[in-house]
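Per-chain residue numbering starts at 1, and chain names A, B, C and D are given in the order in which the chains are listed.
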Amino acid sequence: MAASTTTGNFRVIGTRPIRHDGVDKVTGRAKYGADYTFPGMLHGKVLRSPHAHANIKSINIDKALKLPGVKAIVTSKDLPQAEDKLEQAGEMVVNPMYLSMNILAHEKVLYDGHAIAAVAATSPHIAEEALRLIEVEYEVLPPVMTVDVATRPGAPILLKDLRNKEEGDKETNVAQHYQFKRGDLAAGFKAADYVIEREFNTAMVHQGYIEPHNAVGIYNSDGQATIYCSTQGAFDVRSLSAQVLGMPVGHIKVVPAEIGGGFGGKTTIYLEPLSVLLSKKTGAPVKLVMSRAEVLRASGPTSGSKIKVKMGATKDGKLVAAEIWMAYEAGAFPGSPVGAGAMCIIAPYTVENFQIDAYDVVVNRPKTAAYRAPGATNAAFASETIIDELAAKCGIDPIEFRLKNAVKEGAAQVVGPPFKRIGLIQTLEGIKNSPHYKSKLTGKFRGRGVASGFWFNAGMQSSATVNIHADGTASVVTGSPDIGGSRASMAMITAELLGLEVTDVRPITADTDSIGHTDVTGGSRVTFATGMAVYEAAKDAERQLIERAAKLWEKKPDEVEFRDGKFYAKGNGVPPMSIKQLAPRFARTGGPITGRASVNARGVGPGFATTCVDVEVDPDTGKVQVLRCTIAQDAGKAIHPSYVEGQMQGGTAQGLGWALNEEYFYDDKGTLRNFGFLDYRMPTCLDLPMIETVVVEEANPGHPLGVRGVGEVSIVPPVAAVANAIFRAVGVRMTETPMSPPKLLKAMLKHRGATQHSAAAD
Amino acid sequence: MPTVVIPALLRKFTGGLERVDVPGKSIRELIRHLGDRFPGIDQQLLEDGDIRPSIAVSIDGEIATGGVLDAVSENSEVHFIPALGGGEV
Amino acid sequence: MHAINYEVPSTLDQAVSILKTHGENARPFCGGTDIIIQLRAGVRRTGHLVDVKKIKELQTLSFDAKKGLRLGAAVSCIDISQSDVMRRHYPGLTEAAHLIGSLQIQNRASVGGNLCNGSPAADTTPALIALGARARIVGPSGEREVPVEDFVVSPGRTVVKPGELLVELLIPAPAPHSSDAYLRFIPRNEMDIAVVGVGASVTLDGDKVKAARIGLGAVAATPLLETKAADGLIGKKLDDASLEAAGRLVSEVCKPIDDMRGTIEFRLHVAAVLTRRVLTIAADRAKKI
Amino acid sequence: MKKTLVEATINGETVEFLCEPRQSLLETLRDVLELTGSKEGCLTGDCGACTVMLDGRAVCSCLVLGVEAQGKKIDTVEGLATNGVLHVLQNKFLEHASLQCGICTPGFLISAKSLLDRNPKPTEPEIRYALAGNLCRCTGYDKIVKAVLDAAADIRSQQDKSKSAA
């Protein structure tokens, strides 16, 4: 479908060129953070708390410092006091004081794995041995692992200074209360023929990127520091590290290495300031790389949650009321994505009467970070299950039921403002018309489920530079770390606008000194916002090129036209000139040509997706096999369709893992037990079918090319879709994730007992 | 006159009023007039003279980026909503 | 990882003398797929790793229709699952070897190493128990044989004493009309540790069971030999009733724990389910022989 | 710590290097020999990002000691292309957009190659089984499996061509 704001006839956009960074990545040449080494480099390791909740009475590093090969050890004493305030960073809001407390525990450890000290030594093995020699004296406190425990009267308090507006000066574990309401709830439920109410619980899960966090810090005697790391946001690493270290932003340069996955988890900092501190103390470059256990214990997973949903519908299938209570585990410090979850939970539907109350609760778990559509997947699991039940009660096909209530342009969002043009209906139609949904699912213990999902997508700030070289080829420089092929899209946009071959445009992700401020690669914003900056930068270059052509032809710029990479002089029959012909003349006509643009992007286009899943359940073990899966998602405009499909398939796979087996498993002491890929069970190749995709292109009117952004919403529907499929397979409503064999078997046996009992009673 | 839609938890300042018409050509002026009419509500929205980082402003259905500096027109509809991962309203 | 020494004996005698010299402070090293992880995590410490992969006796895989199978402790899982002899005569043990970890792991791991690691959840151990395998251990004071069901004494600990070495596994030749099978339950389709593992060998007399052995994994502190259910099948047809009974008796001997891999009630239930399934498969195979 | 001298054939070249017995093959490849194409994802043999060929068999180099490489043949992703010409698997991974972040790609390429070396006609389930020891979190595996199927078909048609030519 053509984007209304474009001609729709693209030469490069919509094709599938080989990504520019591809060869380096299939030959092992691409340099990720852990691949950097420097002469005289030392290796760092981090000492972590074995307790979930404890006061630190003393830390003794003397023995460790005496170990041959150990060069320096840092603790929170080496960190300046950071400011207690809120700042926007990507999709999360951060408080520098809490960030500092997370990087090295101050008086208290707040979760199993909380960093306490960092060692720099001549080898990683020696650094590790040194950790065993650091003596920490703890006063162990009772762990607070769940929302229920944290909100109980008299619950142990994690953060003595934490207050919320409603409880005034009372100590609390509840950091924040959000509320959204509209219409008349009582009247809404009165008008309902069917009302369904359920409580849902979801387990904390991790992004599961394969590359552990890493950082190489180099602090020079002149007070200038450089950090090499794999991050989704070099500029955020710079500003956050500056705050934690008490350094001027301008004194830190962050070089974004290739990044081995992030999904939101690499939008904050952990090792980066430690590498600089250790480098400062030793005068040598210091590299730190987390182990997988450290990644799971001490990076930023996403919230486990408790969600209560009560929804009502009329018998003809109109949603009339929704009452929702939701509480998310923030981890050790405030800032779960519960606010976003609340704004997403009924976003796909028009509901005249609703009230949503959402609570951000601190618990003795790692501080949560963003994870692909943060907060939305938990929320959709609850609401999309209820929707499925209401559809069944009304005897309406689940897709038709959703179509009856689906939001379209002009409908009010949960937060109030109306939607601009959106593609939810097209994703529902996309599934409805898919070979998958049209196929018949046969066989025992098999079921098909569908669910829809919403994500805002983000705008924020991006900068881009387009350099035209003396032979008419070009480079496009941005500040957006490329996490899934975005460099190819930036080159394609540049090539499209300047009439170049995509292979003649080299896309570069620059460091923080070499390009204007660019916010994180997150919020599905890169192709949208950075793409907008690239579009403007290319336009800026085009304007300059036209001036040069005009100059050569001794005409006015408005007498020169630029089409498909050629310049045409109006009027007299001067033969057209290509960029390649013009480029050698740059020096004589005024010098090199550099197109520039910086944007704080407006016109964000929200994303919707609908997913259909077929499952088969083993009735004797509760094991679920995904047989078939199709996702329809609105991309706005798909710049590189292969990588759009890739985002849809990847998010779906993460959603399926979340649904079936992934969970943080803590023992009663608050110690994480499954801190490896053996027992944190992400889907393997053998657990998934091919993932069929339907790319919907409902152009975003807020973007010159119609782009929305596709990185996140694909993860939102699968958990609910699996739950709905399981219900159709075995008649059991799962209200807890993961829907793992022990949980599902238990539910099935209970269900069988009940049905047998009722049968006996008849 | 521009209309400001008051977030649920701030309606205690407006005596439950959800939609309020206030004069002003910019977000700054709107908030100032809101504060005059409903003392205290402006403090909930502002920090160091600008919109709190955890709050986003929507003008006529679009997330604005200029904080208090953004202009509004006579019949604009303005919403204060939580920023992604933010809150406080 | 703490500092270690690495030694590569080329004969059994060399290996035994090295192990004897270092005693408590040495461990045999084969595929490394467990011990390297344990040394890294600091849950095991040792001063000397003695690589036994170059010792002929430990690399032998030989089958004799009368004497049965000699399976060298260091023979890799992949060599086992690719061996026609193994596939034909010991399909259950072959399956178990083929289930361990990924191909990358099977290319390194050995059945002997799997046993010596002493995990209650080892996949090949229940299969060995079902086959009545004996472990031949050589040490400074000569050699001895231990039934596999007695090999593991507690999680991570075995009967192998400092200075000793597991050389090979001795498995009787399959009786006429007999075969074996192994099934485990895991939440994913690969890469997991057994939540429950059941191995069975069945000998048929016509359509009745003449003899049966059942080995259990991940349902107690050590792998178990189950006898009540197995003996209870003797003289019976394998029908719903007898399988049901066998399953029930098996779950009675299980003493599982609640952990991140499964609950007690789940393991008890699934142990019965797998017992029924694995006996059926073994019997079907026996019929075809 | 005392180091051991090890001689091995790495990507066809005879190489001598020093390493500590406690250093894994992955560490020696990356830190001693500067072959950083093999990646560290878990150090427990669960993710496959460090997969290399040891005497022709795919192994997790994080679970092999560097000293074990003595006298052995090791092939890593750096040796997959010949004289700058990409292996068909590398090309297919690029054509099918089988990589997003790319951190798992070297391991997948090695596992896929060891599969195709043994079995040039793999079915989809056979490919999925052979790659089950390699985790990818970006792609959902769809485009990886398609690339391997396509590469296998390519290799077969090449072989048929050369046969008919002979």
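Criterion: a contact is a pair of C-beta atoms (placed from the backbone, for glycine too) under 8 Å apart; a residue touches a chain by one contact, two chains touch by 3 or more.
For clarity, every value in this text was computed on a predicted model and none was experimentally measured.
Engineer: Counting only C-beta pairs in contact, which pair of chains has the most of them?
Structural biologist: So the pair of chains linked by the most contacts is A-D.
Engineer: Which whole number of Å gives the spacing of the CA centres of chain C and chain D?
Structural biologist: Distance between chain centres: 30 Å.
Engineer: Distance from the CA centroid of chain B to that of chain D, rounded to the nearest Å?
Structural biologist: Averaging C-alpha atoms per chain gives centres 57 Å apart.
Engineer: Taking the mean of the CA coordinates per chain, how far is chain A from chain C in Å?
Structural biologist: Centres of chain A and chain C (C-alpha means) sit 43 Å apart.
Engineer: Cα centroid separation between chain B and chain C, in whole Å?
Structural biologist: 69
Engineer: Using the touch definition from the top, which residues of chain A touch two or more other chains?
Structural biologist: 125, 677-678, 683-684, 686
Engineer: By residue number and range, which residues of chain D touch two or more other chains?
Structural biologist: 1, 20, 22, 43-44, 46, 129, 132-134
Engineer: Give every touching pair of chains, nothing left out.
Structural biologist: Touching chain pairs, listed by label, are A-B, A-C, A-D, C-D.
Engineer: If we count contacts the way the header does, which residues on chain A are in touch with chain D in the complex?
Structural biologist: Those residues of chain A that touch chain D are 16, 18-19, 21-23, 25-32, 34-35, 37, 125, 207-212, 258-263, 289, 291-292, 483-485, 640, 642-643, 645-647, 649-650, 652-654, 676-678, 682-686, 688, 690-691.
Engineer: What part of chain A is in contact with chain B in the complex they form?
Structural biologist: Touching chain B from chain A are residues 85-88, 90-93, 165, 176-181, 335, 337, 339-340, 343, 360, 370, 374, 415-420, 456, 458-459, 523, 600-604, 702.
Engineer: Write out the stretch or stretches of chain B touching chain A in their complex.
Structural biologist: For chain B paired with chain A, touching residues are 5, 7-9, 47, 52-54, 58, 60-65, 77, 79, 81-89.
Engineer: Under the stated contact criterion, what part of chain A meets chain C in this complex?
Structural biologist: Touching chain C from chain A are residues 125, 128-129, 132, 620-623, 625, 660-661, 665, 673-674, 677-679, 681, 683-684, 686-687, 740-742, 745-746, 749.
Engineer: Sort out for me which residues of chain D touch chain A in the complex.
Structural biologist: By the definition above, chain D touches chain A via 1, 20, 22-23, 30-31, 34-44, 46-47, 49, 76-78, 80-81, 86, 90, 93-97, 99-106, 109, 127-129, 131-146.
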